[in-house]
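Structure record follows, encoded as structure tokens.
Order as written gives the chain letters A, B, C and D; numbering starts at 1 within each chain.
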Amino acid sequence: MFFASDNAGVVHPKIMQGIVDANTNYAMPYGNDDLMAQVRSKIRDLFEAPDAAVYLVATGTAANSLALACYTQPWQTIFCAQYSHIEEDECNAPEFYASGAKLTLIPTSNKMSPEGLAQAIAHRAGDSVHMAQSGAVSITQVTEFGSVHTLGELNALTAVAKAAGLPVHLDGARFANALVALDCSPAEMTWKAGIDVVSFGGTKNGCMGVEAVIFFDPSKAQEFEYRRKRGAHLFSKHRYLSAQMHSYLADDLWKEMASTANAACSRLAAGLRAAGAEFLHEPEANMIFARFPRAVHQKLQADGAKYYVLDGDVTSGPPEEFLPCRLVCDWAMTDALVDRFLAHF
Amino acid sequence: MFFASDNAGVVHPKIMQGIVDANTNYAMPYGNDDLMAQVRSKIRDLFEAPDAAVYLVATGTAANSLALACYTQPWQTIFCAQYSHIEEDECNAPEFYASGAKLTLIPTSNKMSPEGLAQAIAHRAGDSVHMAQSGAVSITQVTEFGSVHTLGELNALTAVAKAAGLPVHLDGARFANALVALDCSPAEMTWKAGIDVVSFGGTKNGCMGVEAVIFFDPSKAQEFEYRRKRGAHLFSKHRYLSAQMHSYLADDLWKEMASTANAACSRLAAGLRAAGAEFLHEPEANMIFARFPRAVHQKLQADGAKYYVLDGDVTSGPPEEFLPCRLVCDWAMTDALVDRFLAHF
Amino acid sequence: MFFASDNAGVVHPKIMQGIVDANTNYAMPYGNDDLMAQVRSKIRDLFEAPDAAVYLVATGTAANSLALACYTQPWQTIFCAQYSHIEEDECNAPEFYASGAKLTLIPTSNKMSPEGLAQAIAHRAGDSVHMAQSGAVSITQVTEFGSVHTLGELNALTAVAKAAGLPVHLDGARFANALVALDCSPAEMTWKAGIDVVSFGGTKNGCMGVEAVIFFDPSKAQEFEYRRKRGAHLFSKHRYLSAQMHSYLADDLWKEMASTANAACSRLAAGLRAAGAEFLHEPEANMIFARFPRAVHQKLQADGAKYYVLDGDVTSGPPEEFLPCRLVCDWAMTDALVDRFLAHF
Amino acid sequence: MFFASDNAGVVHPKIMQGIVDANTNYAMPYGNDDLMAQVRSKIRDLFEAPDAAVYLVATGTAANSLALACYTQPWQTIFCAQYSHIEEDECNAPEFYASGAKLTLIPTSNKMSPEGLAQAIAHRAGDSVHMAQSGAVSITQVTEFGSVHTLGELNALTAVAKAAGLPVHLDGARFANALVALDCSPAEMTWKAGIDVVSFGGTKNGCMGVEAVIFFDPSKAQEFEYRRKRGAHLFSKHRYLSAQMHSYLADDLWKEMASTANAACSRLAAGLRAAGAEFLHEPEANMIFARFPRAVHQKLQADGAKYYVLDGDVTSGPPEEFLPCRLVCDWAMTDALVDRFLAHF
């Protein structure tokens, strides 16, 4: 019963098989392998973006930081939601890669609002050189709290950015979960919605460690290549990144895995709701933020369930007191495990 | 007949099997996996360094840059050989990770000399603040030209560094090839020879993508952890790095592979010598820098041999003219391939 | 009638005379001039800190950024008030000098609260490596809104920092104005209140361009010297910085000028209050944030008064509508000018 | 008898007077002062460059580092002479400002040669991403050894740079001394010779602390402004920088001072030559690198002469042994002092 994260599970057997299958003979290093050419072509098709520049890196932080660095000058600031991954979980990697640029946090409990973004941008407008200048906007989809921006919400945010002439990055560590939730096309959720560059995650959705960075404006391609190498993120045996992404995209495996994770999450959420749990945010993809009684937490932990309790001491206190927690379902989650979890209510 | 590099070959089946075997159930992320604990313990034993801090990253550039950053202030300079990997092949990654520190190149055609190092250090001695200050010394073992520092040579270099109070890094991307060539212990080639931190390579010697960074002074451990995360080199599914290193070290596979590579290289060198080739450097590990006639290059290329010709046009010119090339043998090189190569002379 | 800032006025004649007087014969460059030795000694006496390391730079941003860099690692964050100068007016200089560290803003309309600071620190406590780590705390005295932390308030803030093991920087661009307002000693407002390093401003208080950075812990001295040089802030003809600071401190000129400025501000505030103006913040030093009718603004501007209107259009709208503005008095402000300003109400 | 440097002398009285004269009333801060407008206009006229972007900073290191940063990406390298000021005397400031870019040293004992530059550039040509990419070329005029590139030499160097598509920076800390030596126009020594940006020094030639950065391509203007502010080099009371440069340029004072310095240097060189001294480099501006007997050094030091002895112990050893030294004449050097110096031979 592992609900702690989607970063600790097994690699999907088909992806592992893809890695094994790639292990034959010599292959051109540093992204010049044949599999990468196929991946590039596949992603361009998938995103209906025949000119897109496509690169692979091994971690989500690398994808975000390198993508943002291509769109941010050192004297600029990156606008993002207050609790976004780039602010909370990347130990200054975005600032490092952007040569000391700043992050400006849009106050929010979950999704950035267009008004909040507009206000933050306006705060800097007109200043000559004293203030950090406005740089890229970064949107997280799925948010860190399990919410999914609708296409309308995405478009509203990018409209604010575009009105100010600012480029937009999408942190899609859970891109597949969001796409499946919205039931839209990759193009609709990205460049058609005003996104300039996307971190297209694989690691949290069944891969071993691979993320694509997709630039819809290929003029950033050369710069990215230098930045990736300089960041020590260019792999000599790159084919094993390519192989992961190749298998991930084949036969829509990526969507299949995300659908499984989201469905498990829905089942879990429905069960929690029926059992009287309270939700901090409405679950819309594969993550749940909910409160339920300490007594239930205790039973779950006794049964070996793994997940983060966000506040309070599970071991002591009134048994009926509600304690908040985070529950994440990955592609390998099963109905049986969900039901076993729910059985403790 | 792939002699172009040791960065493009297949992963050893035992290492691939290690990765596959690790793909069961959930594992603690970010280096907290059980396999990593075993790897740490194994490396400490191997290096006779019970207190060593041990970390894994996925690229050699990351290992070098992160290790050096822990020993270099932004206002300092790193001393290294003129054609070292950190100068020639890492696109400013060392400078990036060390927040803008400098590299000072010791003029040399291959190995750094103690005199050259001493002179470079002396050039900066006594200056108050105007000049970049002396920082770490970085030694490459095997050198970029296939030479191996003897233990005496290593000790002579580190003695110069220590006399100036400077820490020493060993770029051991081909650590195993050097160790096998010297037939010494890991401790003898590192801390017993005055090395403070080593990049212990796996990628070029049969792994998929893993390098250990080993600090013999564990006081740098915490800083490394922050730097690794900030550099986006901390893997969530870290177990797959651990698994590679685990299999690499098991049953001395790492030494077995290096021995195979070195032996193939010796066989090739002997054949070349017998055929009248000239050597730019004496081959001491798994790389050869040699000159032989254009006509032979033409025959080799016609037979599909892959390797770098360092200067001159293979396709046209006097057939008897000698053209220099680099030939690399990896763990998968066979006597049959070497003999097929040599048959063209 | 220049109330726009204290950064645009004339240099006090005694300070200009000090510069002129220093212009004789050769002087040792780079801070080794005799005047600097006197300045160092004088500041140590003044602050009752015989071991303090004392340095001069020419801009306030340099003083803040260099001081903070000595106390902040690249993977850390600097805690500061939401609208502090280092966040709003230094174009990422603190991040630049601290090699890409972050700033964490304590939400506030003016002074940072101990609770706000404690909460921000707690948010990061216990995280291993994913989040930016806690670094220095920076307090601005006088705040950007003209308020002065009492000694009690300073001590409460530094107590929070110390409890978390964090060093504290004081941005004293208007140090003299605050000191005069509190009528305390320099030691009481700094190290006795838990401050580790202070930017001791001269530029805004009658100097041409000089700020002292004072480290009460001299172990940071060497690092500062390297950082200052690397930042291109070490002056060859340093004696002209020394001369300014020398004259500034002689005969308590610095306090005399601040007293004049504060007194002018008090006179202006009293007049504004009597005339029905509203105050956004209680003026406590030499700056006023107040609202008064558009009609008055119009008359003032017609008379040539210079100051920032913070919101709204002076030229058109209801004459009785209150518009907010900032009014700053420097050492050269006179009662006559204040009265002329007030005469328009 | 101060021959140690041109960085430690007095400010020319006319320049000091300019500063004093500027000390009236309020002036717009941050480079928006009226004097700056005059300076900009004057420099554009002087350089026959009506579109040039002109900025002032207070140190030569700031001028060089900021200028180069505008022309160098973090993954690039700056080509410069082996013993250039940016390599030897700026404590990694160029690397700091260029976000971790590298310096590539062209081996030379004095002036960079076009062949040396071409070879260094060629070494990097064709590499995809592994090597640091080619960035700006920086030429020092006057060199650190007192030599002056002829216009032909400058053009030959910039031709090599232009052929590779690289921008060229001129470190003109001693611009005036070179110009006077060449008896050419500022345009001839800069943009007509292929220079893109110049550090136009004032500090070493009679100013208190001011350098102009002149971009012949004004498209870099905005970037420079952000970089200057972020580097903490934008002065609030900027008028005092403007005033220095204003007086420096008025009535060709800058050329007059350089002429005086160069003439004193010529007189000294002639005297040394006649006395049997040996020259390490032919003196062409205001600096001499020469060898003469220890006994003479001893007499000079006994008479209070200040200058750098570059090697050897003046106090003990054979009196006839030649010891090398550096002698610098600034604008305040007199024939009488030169003759007094020479009288010791």
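We adopt the following convention: contacts are C-beta pairs under 8 Å (C-beta built on N, C-alpha and C of every residue); 3 or more make two chains touch, one makes a residue touch a chain.
Source: prediction; values computed, not measured.
Engineer: Between B-D and B-C, which chain pair is linked by the larger number of C-beta contacts?
Structural biologist: B-D is joined by more C-beta pairs in contact.
Engineer: What's the chain with its C-alpha centre farthest out from chain C?
Structural biologist: B
Engineer: Whole-Å distance, chain B centre to chain D centre, using C-alpha means?
Structural biologist: Each chain's C-alpha centroid was found; their separation is 41 Å.
Engineer: Chain A to chain B: how many Å between their CA centres?
Structural biologist: Using C-alpha averages as centres, the distance is 34 Å.
Engineer: Quick check: how many Å separate the C-alpha centres of chain B and chain C?
Structural biologist: Result: the chain centres lie 51 Å from each other.
Engineer: Out of chain D, which residues touch more than one other chain, so two or more?
Structural biologist: 74-75, 90-92, 96, 99-100, 129-130, 133, 226, 229-230, 234
Engineer: Name, in rising order, each residue of chain D that touches chain A in their complex.
Structural biologist: On the chain D side, the touching residues are 30, 73-75, 99-100, 128-130, 133, 223, 225-230, 234.
Engineer: Enumerate the contact residues on chain B facing chain A in the complex.
Structural biologist: Touching chain A: residues 2, 4-5, 7-11, 13, 16, 19-20, 23-29, 57-62, 65-66, 90-93, 96-97, 203-204, 208-209, 226, 229-237, 240, 306 of chain B.
Engineer: Which chain B residues qualify as touching chain D in the complex?
Structural biologist: So the residues of chain B in touch with chain D come to 74-77, 88-92, 95-96, 98-103, 105, 107, 129-133.
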